[in-house]
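Both of the next two complexes hold subunit A, though its partner changes from subunit B to subunit C.
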Partner chain A sequence: MKGAWLRRQGRRALASEYLVLALSVAYFLVLLPWLPELAHPRNLANLFSRMLPLLLVAMGQTFVLIAGGIDLSVTAVIGLTSVLGASLMTADGGWMAGHAAAVPAGIALMLLTGALLGAANGAAVTGLRMPPFMVTLTSMMFLGGLAVWLTQSQRITGLPPAFLALGGKPACAFGLTLGAALFAHLLLSRSLFGRWLYAIGHNPRVAAISGVPVPTVTLAAYVLSGISGACAAILFTGRLETGSPVHGREILLDVIGATVIGGTSLFGGKGKILWTLYGVLFLTLVDASLNLMFLSDFAIRMVKGALILLAALIDALRHRYETA
Partner chain B sequence: MTWSLLASLLMLGVGAGCQRSARQAEGAPLTIGVAFETLQTEFWVASIEAFRAEAKARGITLLEAIADGDANRQLEQIKNFISRRVDGIIAVPKDAQTIIPMIRAAHQAQIPMVLYNRPPDPSDAPSITVVADNYSLTKATVSYMAEQALQTGELHPAMILIGDLGDINAIGRRDGFEDAIRPHTNLIQVVSRIPTEWNLEKAQAGVVNALQAHPGIRFIFTSSDFLLPAIVSALKSTGRYHKIGQPGHIILGGFDGDATAYRMLEEGYLDATGVQDVQFEVVSSIQAILDSRAGKPVAAVIKDPGFVIHQGNLKEMASRMWGAGIARQRRP
Partner chain C sequence: MSSPAPAAPPLLRFDRIQKSFFGVPVLQGISLSLDQGRALGLVGENGAGKTTLMNILGGNLAPDAGRIEFAGLPHQPRSPLEAAAAGIAFVHQELNLFPNLSVAENLHLTAFPRRRGFPVIHRALLRAKTRALLEQVSLDIDSDTPVERLTAGERQLVEIAKALGIEARLLILDEPTTSLTDLETRRLFDLLERLRGQGMTMIYISHHLADVLRFCDHIAVLRDGELVGSGPASAFNATRLISLMVGRQLDQVFPGSAPPPDSPPVLEARRLSHPGIIDQVSFTLRAGEILGLSGLMGSGRSELARILFGLDPFGAGEILVEGKPLRRPRPIRCLRRGLAFVTENRREEGLCLEASIADNLLLVALRDFAPPPARWIRRRPLQAAAARIRSAVRLTPTALDSHPVKTLSGGNQQKVVLAKWLLSQPRVIILDEPTRGIDVGAKCEFYQLIHDLAARGTGILLISSEMEELLGLCHRILVLRQGAIRDELQRPEFDRERILRAALHTERAP
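What follows is the complex of A and B.
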C-alpha cells in the first residue's frame, strides 16, 4: 500500500510541470551554505545574463522538438549570422559602414539569414523527407565551415555602439529575450499554429488526415529555430563586441539539454516555453555554481552531461507511462 | 509557512554572501583570479605552474579558470572573479577583441587586470599587458638562422608556419620573420606561408603540402615550438630530417622554448629558438597587480625581452629555458 502510494507520488512528481523549477530552487537553497556567493546580487545578475542567449536558442529548439524533429545546426546559424551582420555593419569597410541604417539593416540581415537557413533545413526535412538529425548535422558542418571561410578565421570588430548595446547592455538583452519569449509563448499556447504543431508531434499522419498542413507547419518550426539562433547571435556579438564564426559553438548540448530538462519531449508532441525557461534556469544555475567552485571545464561538462542524460531518461519514462 | 521559510533561507544566503565579501576587504590574504584560454600547450602549462609557485611563495590565494577556447565562457569566468571580489585578475585572452568588455568590467569593479602574454586590441579600456617582444625576438632568432644560410652561399627556399591571424603575437612573429629575411632575399626566398590557426593537424597538412609543392625547401621557421612535431613528422616522412652538419640539413627555427625544442637543440636538429622568459612574465604579472593595488604607477605594456638560444650558446642559456627543465624531468 505504502509502495503503491510512493509510486503514485513519484509519478505525480515526474509529471508535474513545476518539477524543474522546484529542483532549481532546492538546488539553490542546498548550495547556499557552502557557496553563499551564489546569492550575491552581482552573481544573480550574471546568472540571468547567462541565461538569455541560451533561452533564445532553446525556445527555437522547443518548436522543432514539439514537431518531432531536432535542429543541430543552430550553433552554426549563430556563427554565420554573427559574421554576416557584422560584415554589413562594421566601420572597417563594412557594406554599410557609417550608414544611419546600418544597425537595423544588420539586424534584419541576421534575422533573415536565420530564417532562410531554417527554411532550408525545414525544406529538406519536409520536401525531401530526410531525417532531421542528418539534415541539421550536415547543415551544422557546412554552415560552420562557411562562416570560417567567409572570415578566413578572423573576427570582425568596429561594430556600431547601438548594436553592441543590444547584447552588451543587460537591460536591452533582457528586453529582446522577454519580447521573444512572450511571442513564442503566445504562438505556441494561443494560436492555431501552436495546436497544429502539437498535433504533428503526436502523430503526423493523423494530423495530415485531420487537415493540418504538416509540411508548412514543420518548415515554420525550423524557420523559428533559425530566427532564434539569429537572435542569440545578436546577443553574443553584442556582449563580446565581435562578429565571429565561432560564437555559440559550445552551447549545442546545453540548448538541447535545457529544453529536455525543462520537459519538452524528444518524442515530439509535448513542450512549453515556460518549461524551457525552467530548464534553462536549472542548467545555467548548475553551470554557474560549478564555475563558482572553479571546477575544471571537463568536470563541469561531465556533470552537465550526466544531468542531461538523466533528463532524457525521465523523458523516456514519462513517455512510457503516458503511452501505456 | 513554507514560503516564509524559503524567504528566510534566501535572506540568510544573501547576508552570508555580503558578510564574506566584507571579510575579504578586511585584510584577508590576497586572492588573484587567473583565467587562461587553454592549457593545450606546454607553454601554458609551464606558465600556470609558475603562477602557482609564485603565488604560494607570496602567500597569495590563486583561483584558476580555463576557458578551453570559448570566449563567452571566459567572459563568464571573469565575471565570476569580479563577483567574488578578487584582488586582481590575470587573464590570457582567447581573443584580443573579446577581452575588451572583460577589461571594462574589471575596471568598473576597480579590480586591476593584467593580460598575460597576449595584448588586447587598442581600446579605451585600461589594462596592463605583460608580453614577449614577439617581433624583436623573432627577428633575432631568424637573423641567426639567416646567418647559417648565408654561410653556405646557396639559395634557401623558405617556409614559415604562421599562428592564428587573430592573435597579435602571431602577427608580431610573422612580421619579425619577414623583416629578418628581407635583407637576404637573394639567398633566402619565402615560397610558403602556412596559416596554422595554432592547430597541429592544420600545420602538419600545410607542411606536407608545402614540401610536396616545393621539395627544395631548406629553411623553416615555426611561430611556436608546439608545432615542431608536425614539421618533424613531415620531414621524416620525406626522408629530410637531418642533423646540423649532415648533408641535407634543413635550417630550422622556432619560438617559445618548450621541451621539444630543447630536446631538438640538444640532439642537433634545431638551429635556434626564441625563448619567452616565463618566470619574468609571471613575476611581472603578479607584481603589476600588487603595484596597482598600492597605487604605484605601472607601465601599460611590460615587455619580456626573452632571448635566443642556439647551438652556439646552448650550454650557458639552457638553465634559463623553461622547456629545458621540463625535458630534463621527463628523462628516464
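What follows is the complex of A and C.
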C-alpha cells in the first residue's frame, strides 16, 4: 500500500506543471550556502542576460515541438541574421551606413530573414513532406556555412549605438523578451492558431479532417521559430557589439534541452510557454552554478548532457504512462 | 447443445474482481463463472465496465482486488502475452493490427515460422499457415496484402484468425460485429458456432442484444460495474435485458418518422466517378431528409462519402452544395460550406486520443468561436457550447472535460466524435456507421437526435451496415453495389429482401 502511495505521488510529481520551477528554486536554495557568489548581483545579472536569448529561441522551438516537428537550424539562423543585420548597419562600409533609417531597416531585415528561413524549412516539411529532422539539420549546415562565407570569418563591428542599446541594455533586452513571451503565451493558449497547433501535434490526420489547415499552421510554427532566432540574434549582436556567424552556435542543445526539461514533449501535442520558461531557468541556473564552481568545460557539458537525457527519459516515461 | 459432465469445474471463474480508475470504481466485485465449451454473453451500457473486465482477464490491466481462476489454476497475467500463453485470445473492441505490415506478418507477429536452425523467416511456410488461418475465417485475400488496404470488416476477420492462430481455449470477442455487414455477421456466427462445436469457450460482448440472445448460452449483465443479472440465455429476452442494462424501460427505439420533406436540395452528386471505386453515382439530398446508403463492404458506400468530403481523391463528376458547385472538395472547404463528416474509424480519423475530451469536442467548431481578424478564442461561449453538446449526446457525466478522451469507453468516444461535428451546426451531415459501439439507450437517444436534426432542416446522409437502423430512420434508401447505385427505395417500399437482393445481385435473396 505504501509503495502504491509513493508511486502515485511520484507520478503526480512527474505530471506536475511546477516540478521544474520547484526544482530550480530548490537547487538554488540548496546550493546557496556552498556557493554564495551565486546570489551576487553581478552573477545574477549575468545569468539573466544569458537566459534571455535562450528563452527566445526556446519559445520558438516550443511551437515547432508542439506541432510534432523539430527545428535544428535556429542557431544557424541566429548567425546568419546577425551577419546580415550587421552588414547593413555597420559604419564601416555597411549597405546603409550612417543612414537615419539604418537601425529600423536592419532590424526589419533580420526579422524578415528569420521569417523567410523558417518559411523555407516549413515549406520543405509540409510541401515536400520531408522529415523535419533532416530538413532543419541540412539547413543548419547550409545556413551556418553561408554565414561564414558571407563574412569571410570577419567579425562585423561599428554598429550604431541605438541598435547596441536595444540588444545590449538589459532593460531593453528584458522588455523585448517579456513582450515576446507574453505574445507567445497568448498565441498558444488563447488563439485559434495555438489550439490548432496542439491538434496537429496529437494527430495531423484527425486535425485535417476536422478542418484544420494543417500545412499553413505547421509552416507558421517554423516561421515563428525563425523569427525567434532573429530576435535572439538582436540580443546577441547587441550585447557582444559585433555581428558574427558564430553567435549562438553553442546553444542548440541547450535550446532543445531546456524546452524538453520544461515538459514540452518530443512526441508532439504537449507544451507551454511557461514550462519552457522554467526549463530555461533551470538549465541556465545549472550552467551558471557549474561555471562558478570552476568546473572544466567538458564536465559542464557532461552534467548538462546527463540532465537533458534525464528530461528526455522523463518525457518518454510520461508518454508511456499516458498511452498505457 | 450437449453439456459436459455436471461435476466438471468451470473453465473460468471471476471472484470478486474490483477495479477503479482515478478513485472512480469501475468494477465493484464481479463474480462469474463459465463452463468449458460455452459462450457467455456480456452486455451493459457504455462504460459499464465490460472491456475493463476483459482487459483484466487478458492481461492488459491488473485488478485492484479479487482473483481469477482459469483451467483450475490461478490466473494473474502480467501481460497480454502471458494471457495468450495461458490460452486466452482477445479480439479487441478497437482493432489492434499493424496497418503497415502484411496480413501474414500480423498473424504471426509473436511467433514467426523459422527455417530450421536459422534465424530466418520461412516465407513459404508463413504463407501456407496464413492461408490456412484465413480459410478458417473464410477470408479470401492474399496473405501479403498490407493490412491498411483492408476494410474494417476484413480487419476484424484477420483479428479472429489471429486468435485462432494461438490455439486459444477461451476466445474473447469485444463487439466483433460493429463494422461488419449483415452477410459478414452471419458468416462470423457460422464460424463461431463451428468453433463452439469444437469445444471453444467464448465471451461475447455486444450491443446487439438479438445476436447475444441467439448465440450465447449464458448472459451476464453489468451496470455501473456491478453484476445486475446473470443466468442461462433462455431466462432473458430483449426487453428484460434492456431494463436490466439501463435500469428503466425503453419502449420505442426509433422515433416516429416524419413525411419526406419537399424542400430544396442541399447536396447533389452528379455522375461522380472514380475508376474502380465508384461509377456514375448521382443523387439528391434535400434539406431535412434522411437518406440511407446501403451496400456490402467494398460496395463503395464509404468511399463515396470520403470523395464527397475530399478525403479520397476526386475523379470525375460534379458536387453541388445548396445549389452551388463545390469544386475540388477538401475538408476545410466542405466544412465552410456546411458539410460535416462523422468518419467510420474513430481511432485514426475521429479523435486525437491523447488530447482532452474538451479539446476533441471543440476542434471542429473552434473557428466559429474565434472571430477574425485576430482569431482570439472567446472562451466563455465556447465552454457553454461544449457543455450544451455534451448533454445533448448524453456523454457520461463522470468524465471531466480535462481527461484524455482515450480514457472513455468505446461508446462514449463515439459520442464525442458525433458531438464535435454537431457543434459546427452543419447543413449536411454525412454519418458513416455512426452508432458503432453505442449501447441501446444511447442509440435510442442518438436516433432521436438525428431525427430532430432533420426536422430542423439538416440534410442527413446515413451509411450503415445495420439494416434496422436504415429501415427505421431513413426517408429513402440507395443501394450500392460495385460502386454504382443499383436500387432506390422510398419509405413505403422499404423491403429488407429487396435491399439485400440489390446489394448482392441475386434473383432470390440467400
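The criterion applied here is as follows: the second predicted complex is superposed on the first by the 324 of 324 C-alpha atoms of A that agree within 3 Å, B and C clash if a C-alpha of one lies under 4 Å from a C-alpha of the other, contacts with A are read in each partner's own complex, and residues count from 1 in each chain.
Here is the rule we use: contacts are C-beta pairs under 8 Å (C-beta built on N, C-alpha and C of every residue); 3 or more make two chains touch, one makes a residue touch a chain.
These figures come from a predicted structure and were not determined experimentally.
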Clash or fit, subunit B versus subunit C on superposed subunit A: fit
Partner chain(s) touched by A:38 [first = subunit B, second = subunit C, both, neither]: first
Which of subunit B and subunit C A:198 touches, first, second, both or neither: second
First (subunit B), second (subunit C), both or neither touched by A:310: neither
First (subunit B), second (subunit C), both or neither touched by A:269: second
In the superposition, subunit B vs subunit C on subunit A residues touched: B
Touched partner set for A:206, first subunit B, second subunit C, both or neither: second
Contacts of A:299 with subunit B and subunit C, given as first, second, both or neither: neither
Contacts of A:291 with subunit B and subunit C, given as first, second, both or neither: first
Partner chain(s) touched by A:190 [first = subunit B, second = subunit C, both, neither]: second
Contacts of A:91 with subunit B and subunit C, given as first, second, both or neither: neither
Closest approach of subunit C to subunit B (Cα atoms, Å): 29
Subunit B/subunit C common contact set on subunit A: none
Subunit B to subunit A touching residues, read off their complex: 6, 9-10, 12-14, 16-21, 63-68, 70-73, 75-77, 79-80, 82-84, 95, 97-98, 100-101, 121, 164-166, 195, 197
Complex contact set, residues of subunit A against subunit C: 186, 190-193, 195-196, 198-199, 202-203, 205-213, 269-270, 322-323
Touching residues on subunit C, where the partner in the complex is subunit A: 309, 311, 331-332, 335-336, 341, 343, 348-355, 359, 362-364, 366-367, 370, 374-377, 379, 404, 420, 424
Residues of subunit A that touch subunit B when the two form their complex: 25, 29, 32-33, 36-43, 46, 49-50, 152-155, 157, 168, 236, 239-242, 244, 246-250, 288, 291-292, 294, 296-297
